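What follows is a single structure, written as structure tokens, with notes after it.
Think of it as A, B, C and D in the order they're written, each chain with its own count starting at 1.
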Amino acid sequence: MNEVLLFARIQDEVGQKSLEADLAGKSIKESKRWVEDNYEVSSLTRTMVAVNEEFAKDDDVIDEGDTVAFIPPVSGG
Amino acid sequence: MNEVLLFARIQDEVGQKSLEADLAGKSIKESKRWVEDNYEVSSLTRTMVAVNEEFAKDDDVIDEGDTVAFIPPVSGG
Amino acid sequence: MDTDLFSLSWEPLDVQPVIDKVVDRNCGAIATFIGTVREMTHGKKTLKLEYEAYEPMAVKTLAQIGDEVEAKWPDTTVAVTHRLGTLGISDIAVIVAVSSPHRKAAYEANEYTMERIKEMVPIWKKEFWEDGTQWIGDQLETTSYDKEEKP
Amino acid sequence: MDTDLFSLSWEPLDVQPVIDKVVDRNCGAIATFIGTVREMTHGKKTLKLEYEAYEPMAVKTLAQIGDEVEAKWPDTTVAVTHRLGTLGISDIAVIVAVSSPHRKAAYEANEYTMERIKEMVPIWKKEFWEDGTQWIGDQLETTSYDKEEKP
């Protein structure tokens, strides 16, 4: 299983701060599609994904136990 | 008469913070030469002159009562 | 990179403690940047802001930016504190302090740090206006701020 | 130009009061520069410094620089405090604070202010080393600092 963290707009839309999901073996791109298919969220096209607190690329593959975070465009500073 | 203010290196060399001198009618250039001729100072070539707290040009003429300040290259900041 | 230099705070920020983290006997220049909550943007009145972060990753990413800065500008030290939670007008959102032997590097490294924070640190700002709220950064192009216009 | 924004001080400087002079509800960015006394320059150890000024003209010239800044970067506010007297290592020599609605102008206006101070404000620095003293700025080219190397 994987812990999936949601932030900002995505957290508001889903109505949860985190999810439990089995994303092992999925690419980053596939994991975005999985969230879009299973939850009421707007497009994740511009959303970055971090695996274990490091930004991941579209074709990186998620491992069992990885923490996956959906990072909408940031606006700190 | 004119009050003549000396700063930094010039003040150290002359050994005084100010002088009384009659510079009325002299240009800035001439007033520099007058100081060089009458006091033990190194060259005033790179020294700026302010008249009544405003930078003056080489051929500006000093009036009776003006305060004349000799401003060696600045090093604040 | 000393991670004490990079922190998040739910309490109001003070400049001096951030400056104190970077002072050094061989620095001659300290450039700081303080980002504050501005009341008017494009004629629209902000009532308050809320900042949220992916906290452990935000601190880690700030430290990575610190490594980049030390590589680009040797002998500089950077510290960043970012506020989280609810902020009113004129409250401080972020403080960046950079010390360096010489002044040019301090300015450049400070500006670079702010640019990188705005690009990659997982912190989000929600604006509250009289007629609604919005997460900034994630809206459609037509309603987003121009890059130019951000504080 | 409000001349309270520009001052000279014989007492140690604090950053916060200078920042307080420029804070505004519609500023989103405050850039500050703090010039401190550096111990080592070109491998030579500074023991202390003395700053002297043509005081009324220095304040007036700082205010003129403030006018230039407001003309070049509308909606910015600048405050400068310069220390006079004897300073030890790490003591603050100058503080420049600039507020602006947006960050780019705050950085640029701050850097411009420092450059103008170093060009035209009648303030002089005397360095004290183990083997002598010298008024900086007025020495022969061969012993002067490179422009690059000044803090």
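One rule holds for everything that comes next: a contact is a pair of C-beta atoms (placed from the backbone, for glycine too) under 8 Å apart; a residue touches a chain by one contact, two chains touch by 3 or more.
Here the structure is a predicted model, which means the values were calculated and not measured.
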item: Both-way neighbours, i.e. chains that touch subunit D and touch subunit B; value: none
item: Centroid-based (C-alpha) most distant chain relative to subunit D; value: A
item: Geometric centre distance via CA averages, subunit C-subunit A, whole Å; value: 25
item: Rounded Å distance, subunit A centre to subunit B centre (Cα mean); value: 72
item: Separation of subunit A from subunit D, taking each centre as the mean of its C-alpha atoms, in whole Å; value: 48
item: Two or more partner chains touched - positions in subunit B; value: none
item: Sites on subunit D at which at least two other chains make contact; value: 35, 114, 150-151
item: Touching pairs among all chains present in the structure; value: A-C, B-D, C-D
item: List of subunit B residues in touch with subunit D within their complex; value: 5, 7-9, 12, 46, 50, 53-55, 69, 71-77
item: Touching residues (chain side subunit C, partner subunit A) in the complex; value: 35, 51-54, 56-58, 60, 82, 93-94, 114, 117-126, 135-138, 150-151
item: Residues of subunit D touching subunit C in the complex; value: 15-16, 19, 23-40, 89-90, 101-104, 106-107, 110-111, 114, 148-151
